[in-house]
Amino acid sequence: MKGLDIVSLNVEVPVPATGEDLAPRPLLEVRDLTVSYPGIGGPVEIVSGFDLTVARGERVALVGESGSGKSVTARALLRLDHRASVSGRVLLDGTDLLALGDAEMRARRGSRIGLMLQDPMTTLNPVRTIGSQVMESLRVHGIGRAEARRRSVETLDKLGIPDAARRMRAYPHEFSGGMRQRVCLAMAIVAHPDLLIADEPTTALDVRVQEQVLSLIDSLVAELGMGVVLITHDLGLVAGFADRVAVMYAGRGVETGPVSELYRTPRHPYTSGLLASVPRVDRDGALAPIAGSPAQPTSRPGGCAFHPRCARAEADCTRDRPEVRPIGGADVACHHPLAMAGEGAR
Amino acid sequence: MTTVATTHAVPRVRRTRRRLPWLDRIAYGTVVLLLGLAILGPLLTPHDPYAVDLGQALQAPSGGHLLGTDGLGRDVLSRALAGARSSILGALLAVAGAAAIGILVACVATIGGRWVDDVVMRFCDITLSLPVMVMALGVAVALGPSLRSAVIAMVVAWWPGFARIARAEMRTVITSPYVEAARVLGASRWRVMLRHVLPNSLDGVYVQATLEIGGATLIMAGLSFVGAGAQPPSAEWGAMVETGARYLTSAWWISVVPGLLITLTALAFAISGDSLRTRNHPDAALT
Amino acid sequence: MEKSLLARYLARRLALLATTLWGVVTIVFLLIKAIPGDEAQAAAGVTATPEQVEVVRQRLGLDESVLHQYVSYLGRLLHGDLGTSIFTFQPVLGDLQQLIPYTMELVGLAMVINLTCGVPLGVWAAARHRTRTDNAVRLTAIFCGALPTFWLAMIAQTTIGRQLGAVPISGVSTLGVEVPRRTGFLTVDSLLAGDLAAFSDALAHLVLPAAVLAIPFMSFVIRVVRGSMVTALEADHVTAARAKGARERTVLLQHGLRNSVAPVTTLIGLQVGWMMGGAVMVETVFSRPGFGSYLTQAVAQKDTFAVIGMVLVVGVIVTFVGLVVDLVQLAADPRVRLLETRRATA
């Protein structure tokens, strides 16, 4: 799909009802997602015209600084925040989630799309047992208590919780941070969703545990054939995990492409800047943080939102919003992309 | 890792807005008005609030007596105005006294070390667990029922609440860098306490005091109502409600007027206190 | 919590109970000592002859040292001697045993009304946080808290009782309706006797005073439920629950109200005592026999020792309620269990 002209896709006609189209239908297809929240001086747009595609079994990383709108995107995909007004299309297996009724949407949360949050400390309710919270993911979809218990123990067991059957009765505070995050992962996937959205799942954990959690997610993808959207601010984490990367800045996708290509030849100056600020073992030299600070949702610059921080910015960058266009293997929204390999990294 | 901190970027713009600002303003205005009444009320009375005139008894509100007369022919409006002083100033005095003692005890607990702190705070907890109304009845009776006893009773029953709040704030303040600095410079414990800790620990006490004045008005009136506070014939709102009790079906105004005034006072102070608290700690509103 | 830890906790808690009771007694003793003038005269009553006063002085040991008096006061209390009423000439304790059940019935029903109205209102406000509904409930709470109980009692008695004739306006039962006294609780005794007419008669006498007593206390219940739920509902576990596909009702009850159990229990514990204070006024207005009207009478008769004995009894009741509250919290909230475990092992 990545070679397609996205602008033309927006005007596109109804999605084919059955699987008779030639290209395999992606698991998740997000088109022109726009999310705004009510603010003092009228609605504030947090995400503007964001596109994303995830195939079955594919691991896509969504990368951006805080305030870039990545977490808002995650919540908008599940329609979790009723204060947000969301427009565009979110196609899950061809069904537009944004067009569903509340009950239909609810039926898909947890069972079709699982969400894993950043802080396992607060994601688990301190006054309820681990078991009841994992089972809840199944119980709310009408699965009986005994069956829910069996599957929950099985999942916790698979995720490496020792003595899972007994630990079901434990409370969150009796678990370590890493174990808690495994429980959160169990809550998100116990109902075997097709898509897992993991919002900064490792940020609150220490490095060794980070790897354990990521490799658990990895093996689940392989086993269940889930699609994964991994939301992170940490490009270093992405390298070993994702198949594709989507970089977000100020509510827009600025560059999307296969992970190896994006690392080798970043096209967008922002991507390149992010890469330069990641410590890497295979390169020497000082880290180069991106100058300036991220654009605030309430005061995003016109034209290309990155232009105040961009060394390559010219007059048109302050004036026109760059459209997404394919360059090499990636989709890039930049008027003056970095041209060749080697040139872009530093 | 990039150098960026991560927080969810859900905008919180809407959350900081104060709800119903007009109501706060009305409440503040009412508080000022009530304080004015407490000071000037007895001077504004159209009739002598204590003049008994049985020929004028139980008159309905009219031009001569705007709020009618009571069973002894006394002008209800005049008594209500005269009563503002004892009811509101009584409550103010009780709260001020309780706050002062509470702050003093908190100072002692804070600089007295762990052992003193434990004993004092346990004592506060025990006193707090006794219902104010019952405790105050006990004190009021021990001292002989009068308005003065009621005020003392409420101070006795109420100071531990203030002591707890003041101590909690002092504990926070005492660990702050500037207090640390003063201590390093060799200031004595009492000096640090009085010059640095105390002045910075009083915000919570002020807010709590404002909130409690409403409650104090209710308890004061209640004490007078059951006969442990202001004694007849003195004009006090709680006592006025009591004298009107037997005429409630025939001459409702005798009880309804002071009752409404008590409610209004409690309401105005409660809303003002809540508003002040919300300003201090936006998250703590009404919790 | 483990058995040994639980035992240690109970031991600690009972020790605390003992110190609290001792503290209450000491406060009451100090109260007696604070009485200006001749204590023997106060104990004997204003109408007593000088000879009677001397007898009382001898009996109370007022010619001994204060320490000696304190010890003998403790001794008398241990034998259940709360002093003698100068009005009824009965031991205060005996009078109370007759009257306390009436008050307990009143406070009990008031608590039921208080919770059945206050908790749903608090939940409703929290669910509609920052809306008109929320504001309306918030104002209702403030308004309920600003009503003088005695005045409200009078108005309700006159309008609902006297003018509408909906319920009886005074006493605890209609003249002639009698049931054999077993527990002292009229509602219970009438049910034990199988006398439904007497039961509904007792309930009719109880409902209006209980409702009046409940209204000011609802104010606190609404605030505490609303406040703790608003906090709970902002936590990530609520987002997680929604992402599992849980219904709003489930989210509200399982992840909001469930977390309010501990603070609400604390509040209930405090309110039992406060309600006994409120019962003083309500019982007086509705001419119900009970702890409160006895207290008012004692105040009117300047029956000092009856009043002080009453303060002591309330103190003891409140202390035991506190113990029950702590045990309920220990059972209901793992966070409390954790805290207590840490204390016990520290």
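Chains: A, B and C, in written order; residue numbering restarts at 1 for each.
The rule we apply is simple: a residue touches a chain if its C-beta (ideal position, glycine included) is under 8 Å from a C-beta of that chain, and two chains touch if they have at least 3 such contacts.
Please read all numbers here as calculations on a predicted model, not as lab measurements.
Chemist: What pair of chains is linked by the largest number of C-beta pairs in contact?
Modeler: B-C
Chemist: Return the chain whose centre of C-alpha atoms lies at maximal distance from the corresponding centre of chain B.
Modeler: A
Chemist: Go ahead and note the Å separation of the Cα centroids belonging to chain A and chain C.
Modeler: Computed value for the inter-centroid distance: 54 Å.
Chemist: Measure off the straight-line distance from the CA centroid of chain B to the CA centroid of chain C, and report it in whole Å.
Modeler: 22
Chemist: Please set out, as single numbers or ranges, the residues of chain A touching at least two other chains.
Modeler: 75, 118
Chemist: Give me the residue numbers in chain B that touch at least two other chains, ranges are fine.
Modeler: Correct list: 14.
Chemist: Where does chain C touch two or more other chains at once, residue-wise?
Modeler: Counting only residues that touch two or more other chains, chain C contributes none.
Chemist: Which bits of chain C are touching chain A when the two form their complex?
Modeler: Chain C reaches chain A through residues 235-237, 239-247, 250, 254-255, 258-259, 261-262, 332-335, 338.
Chemist: Could you pull out which chain C residues touch chain B in their complex?
Modeler: Residue list for chain C touching chain B: 19-20, 23-24, 27-28, 31-32, 34-36, 130, 134-135, 138-139, 141-143, 145-151, 154-155, 158, 162-163, 223-224, 226-228, 230-231, 270, 273-278, 280-281, 284-285, 295-296, 298-300, 302, 304, 307-308, 310-311, 314-315, 318-319, 322.
Chemist: Please output the residues of chain B touching chain C within their complex, sorted ascending.
Modeler: That would be residues 14-15, 19-20, 23, 122-123, 125-127, 129-135, 137-145, 214-215, 218, 221-222, 225-228, 238, 241-242, 245, 248-249, 252, 255-256, 259, 262-263, 266-267, 270-271, 274, 285-287 of chain B.
Chemist: For a test of understanding, state which residues of chain A touch chain C in their complex under the given definition.
Modeler: Checking each residue of chain A against chain C gives 75, 78, 80, 106-111, 113-115, 117-119, 122-128, 133, 136-137, 140-141, 171, 173, 184, 187-188, 191.
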